[in-house]
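Take a look at the structures below.
Here come two complexes built around chain A, the first alongside chain B, the second alongside chain C.
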Partner chain A sequence: MSGDAPGRGLLTRALSTPDPRALATGVMALLGTIVVVSLMVAALGEDPFAAIRTIIEGSFGDTTAFGQTLMVAVPLALCGAAAAIPFTARLWNVGAEGQMHIGAFAAVAVALTLPALPGPVFIPLILLGAIVAGALWAGLAGVLKTAFGANEVIVTLMLNFVAILIATYAITGIWPQGVAPSTEQVPDSTVLPVVWSGANVSLALPIALAALVAAWVLMSRTGLGLQIRSIGLNPFASLMNGMRVQTVTVATFAIAGTFAGLAGAMEVIGENKALVTNFSANYGYLGIAVALVARLAPAWIFPSAVLFAALQVGSQSLPASTGIPTSFGQIIIAAFVLGLLGARVIRLRYAEGAVQ
Partner chain B sequence: MNSTIVISVFATGIALMTPVLWAALGEAIAERAGVLNIGIEGVMLFGALVCAWAIREGAGIWTGLLLAIPVGAVLGLALAYLWVSRGADQIVSGIIGATSLLFDEFLKGVGVVTSLDEISIPLLSDIPWIGEIVFQQPSVTYLALLAAPLVFLLLNRTWFGLYIRSAGEKPRATETAGLSVPALRYTAVVVSCVLICFGGASLIAITSGGFVTNVTAGQGFVALAIVVLGRWNPFLIVGGALLFGVSQALQFQAQSLGFLSSLPPEAWLSLPYLVTIVAVVVAKSSRYPNACGVPFTPAGAAR
Partner chain C sequence: MLGITKRFGPVTACDGIDFVLGRGEVHCLLGENGAGKTTLMSILFGLIPPDDGQIIVDGTSVQFGSPRDALNHGIGMVHQHFMLVPEFTVAENVVLGSRPAWTPRFDRAAAEEEVREVARTSGLEVDPRALIRDIPVDVQQRVEILKLLYRGAKVLILDEPTASLGPAGIKSLFEGLATLREQGHSAILITHKLTEVTAVADGVTVLRGGRLQGSFRQGNTDEAELARAMTGGDIAALPVRRAASGGEVVLRVRGLTVKDTVTGRNAVEDLDLEVAAGEIVGIAGVEGNGQRELADALAGVLAPESGTILLDDADITAMPPRARHAAGLGVIPEDRLRWGLVADLTLAENLALSDISRGGLRRRGRLLDLDGMQARAAELLETYGVRPPNPKARASQLSGGNQQKVVIAREMSRQPRLLVAAQPTRGLDVGAIDYVHRQILDMRDRGGAVLLVTNELEELIALSDRIAVMYRGRFVYRAVTADADVDAIAMAMAGISPEDADAQPGAAMEVA
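And now, the complex of A and B:
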């Protein structure tokens, strides 16, 4: 992952991709996607340029739209980090969706069971609870992998369904709010304050950005980050060099879980003020695509997340101004990622013969 | 637990295992050829969608099921192109393929109210217990149970099966023997996707819920786990699929299970997933085909 060249500025190095040609190919894939999607729109009998303009205006057109894009980018970026960090070690954590639900569950549990506390104390406690819960939930997959060789793709995915059911039980069984598809509301003191009122952007954005900086520091400036990268390149050589591959594996999963858990908590104590059914619009799964488009580089995760968030938010205004359904945004995302795969921009190094 | 409950749980379990069994049999073929097809979920969704759509348009259930076959073949060709010709990362692209479940948002809500009738096999269905459990099932379920030995014969008793397995174990040696690894893998992926897509369609055919968002609910990944649990052997795969089906069927009898009836419905719903996790943990000594998941570059080909 490191494209570090000596003598360049910190920011340049943070944003550097291993291969500058990849960026060019990526742009080509983006243009190709636009052409393909425009053809699909034309096939539906709609004006592709109007559709593109609608998406751009609906996501960046004014302050409100931009703020909405940023707030959707927050969970996407955090789930992106939850995928990128383990993917760097070639550990396939596809469980961000579940880790996020467990984080949300923990957040609502802390917020509704603790006695009233002032916000500056309460909010960190809630976030801490969610981070720990996410780490434990994801760490379980790491333990099952190292202790029993259980395939982490299957385990993390199955845990997603279990976690979503646990969150559902919180809504239907533990803290039901009448017949509404949500839990009771969390106390007002726990709700994240708005930091940019014009765009309705809450404290979630600075927290997420700080978390991404932490991810970058972890991956490029710490011993653990070095070990994570090393295991991804060659687990056997890492073992021979005295690295405790199993411990690092469990730690990598746990770290991924902290990011996803944080994302879940901030959805609960954000605008919803409760744990709501389907609060995650597949953020956990989209995070995988976010991480891949960022080529697993922490510094690129946020820009990548903004791109996906813009598609998500912008396509919501499609039905109003054109005859295209909202979910067309999802199709654009899928087409884009498949285009990147076909163009082999997304291509992680292969350890020969290693599958699990 | 009295006998009616046991019979009901197993009979429902066998019907519910049908889609997963089709998918797992298909996946076993692809993995034996060295392609880790993680996109099962996406392919199953397409099958379910096509079947539901055909039924809504007035076609019979069997037309919907049969329509899944060419759709599966086309998807198989597309995936094989990515994995075999382009050498795309199989795990990554499979995960993305699976998240094409995003597509279903676009097309959800295709309601279907019919489902395949159960067919009682004369004489055999009169056998106490076994008859009621095994021989009063929808036709797709019988077909899946027949497909298992056929896939076994294909993989283990034909030249084609031998070639495929060699491409999954040591593709370089396969090539040296004068065979085309890409051609073998293409064939395997297409056959695999046809079975998986058919499994997705059978999901619509045996239940009457129609196509709703995320109708497969992770069954594609359950199939992935069942293949590992069944050690790539179609007969053991049937056992693994039955385990999943029965754990899924238990929720319908939860009320009759005495003290367990006080458990929340979410606990029963999560049981099949927990069983799958336990199954993967128990199957720790399973060994993937040696070259499974590794892209193959033919000798002399420049990429």
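And now, the complex of A and C:
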């Protein structure tokens, strides 16, 4: 009497099967990661406890560090939503990186081509431009999938390279700044104001949080959200019950694009004040991991993003106080994601085994 | 098996059950869904250990730690879903797993010869060289049985062996069992179909709610007594059938041709069909003769090659399901967990799927009316007697019968003009079957049109006002039920037209 929808892979089941002890599973995975990583640090001849202390102090130790963690969590969380929403419909959007670059491109285009406007008018226009651009870019992948049966993983991944080249062209060809690898600076009125000066946290944080609330409302309180969940769990019954599966597919991609596009725009009109090369520290791809750790639940995306941001920011201080390179942070992230997925698969096996 | 007890948490699946099987006996284990049949047999087969009680084989008390132990004592089980490798031949499947893994060379010819020998002595004819994917379901089942015989099984446990078979397949299965019985093999059939008991069993053990209800011998009992034991009460007789109302035509199908998406051949070929208001038209046929494709094309999930489908004179041929719902179509799909329900969504959400698709159940501001959804679900679950009547339960937590009630509740709540019900009672217990039948009859009595697709002949005859038999995508037999000849229906399902049947009297099967 186990009601498994047909043809669902182990990973999909591990993600979507309700687990009453999901949080415990996550904590277990985190503890396991700490043990494994500590062993690796010890193998390098360094003190694991010092490394852990460095990461924690470097990310939460003081107001400045905490603010930096929060600001890194903003694009991670938005890209997390850009992955989680389509993943819920079992649409594998790995294109948040590109959608973010297109959003950044649109933001700098709006900021540099419109005549000077006051901030409260200009900033919403820029964000809107980026959101629309991200939605169209991601929606393109949805159309290619529904109209031509293209595989969305390949399409979204390939579109990333195109989007990054478009952003690069803006930097080198359209609005070159001449000296640094960046576009001209955007007008001061377009720069997001700082809302917590001690921590140097800008308006980007409240905007991102509002966007995540919107994502939560979408998924749990709207008909579209229910359709996205239903199609992800069982596309056949969804079709039989009258859902426009293809329309919802395109809409889901477009919605994902809005979050990634917003992330890109806020990087442009944030501290950088321009579209700069490599502004994204792989936020689009890390967003996938953020979404997986959050079990695709909008409410858990921000905490998950903060965790990743803390590892990223905290590991910056590793070389200074220990002999460990910065890139060790990425090893920790990878170990954690693998550990968590492994733990979930084990829990799933256990749960399914108990049924039989 | 004496005093077998097995608990799963708070649920006692088997409560002190005694079960006795004689040599050369075909014994039916009868009970509703959840009566404990499968649990009891899984214990006998070594799949799960009992909490209490003992198993005695040929006078020796035994303990099985695994199915291999059970097989060593000559006990083997054929599962409801066959465990065969489609790309392998019959012979390869039969010997699979009985050869040491480290034997480097597989002697195909020897294996085929051995399998042929087992098939010959047991009377279960198969071609050892045929690929599993090429042979029909009833032959695949024969291969499963051969697999056990090849491993020396003397006791065969068959779980719902007739669930996937048509009348001809059932007939050949029962003949095969009779042959095996003569050779001293025993068989246990897990079933909830009374007709099978009377057709084949020497003895029958009835379970209900994990308890033994009684053991009977053939001849000492009748269907009514068994049904009472199984359900804990008499099944109320179906309401008396009215004459067809002669209402206006609701569904008009003209020249419908539907391709099978896998093979590309025409599954439904140039079919004409009409269903009037206040009428149930029953479509019978052996599985795989186009009934599924017909139902899918009507539901709007499979596009026809040609032909038209009119619902109340509106052409719905090219409409997606959502537009068909608006036009008055309700569907009980054959596979409720694939097409009917989203197992991991709640009942409230499942009941709302169709409304949500059409933009319903919204409050101002376009948000979902969650309270309204819960309230409406609670009301529907109550009205349709779904257990548990909890809108927040997930569909996957319900039994098959209750899942089907949820589908029916959703479809009926739209008040459809036409209901397409495909195999609506498959896998359900007697109580749930009775319930589904009543719902279909109620729909008809309210003036709705019903197209019933079923391969249960009893169901077909009990419900339908008119009957059509499908064979290879066409109707080969049509009749008003009152004039229908059961033998002719059974023969038509097997692809033998009534004229041919006359030429071979006695070939007709006993059904209903």
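Rule of thumb we're sticking to: the second predicted complex is superposed on the first by the 325 of 356 C-alpha atoms of A that agree within 3 Å, B and C clash if a C-alpha of one lies under 4 Å from a C-alpha of the other, contacts with A are read in each partner's own complex, and residues count from 1 in each chain.
Note that contacts are C-beta pairs under 8 Å (C-beta built on N, C-alpha and C of every residue); 3 or more make two chains touch, one makes a residue touch a chain.
These figures come from a predicted structure and were not determined experimentally.
More residues of chain A are touched by B (comparison of chain B with chain C). After overlaying the two complexes on the shared chain, residue contacts for A:288 are found with chain B alone; chain C is out of touch.
Once the two complexes are overlaid on the shared chain, A:230 sits against chain C while remaining clear of chain B. Of the two partner chains, chain B is the only one that A:334 touches; chain C does not reach it. Of the two partner chains placed by superposition, only chain B is touched by A:158; chain C is not.
Put simply, chain A uses no single residue to touch chain B in one complex and chain C in the other. The touching residues of chain B, counted against chain A in their complex, run 36, 38, 82, 86-89, 91-93, 95-96, 99-103, 105-106, 217-218, 221-222, 224-225, 228, 264, 266-267, 269-270, 273-274, 276-277, 280-281, 284, 288, 290-295. Chain C contributes residues 299, 301, 320-322, 324-325, 331, 333, 337-345, 349, 352-354, 356-362, 366-368, 370, 394-400, 403, 410 to its touches with chain A in the complex. For chain A in complex with chain B, the touching residues are 92, 94, 144, 148-151, 153-155, 157-162, 165-166, 168-169, 172-173, 282, 285-286, 288-289, 292, 325, 327-328, 330-331, 333-334, 337-338, 341-342, 344, 346-348, 350, 352-353, 355-356. Residue ranges on chain A touching chain C, taken from their complex, read 1-6, 16-18, 217, 221-223, 226-227, 229-230, 233-234, 236-244.
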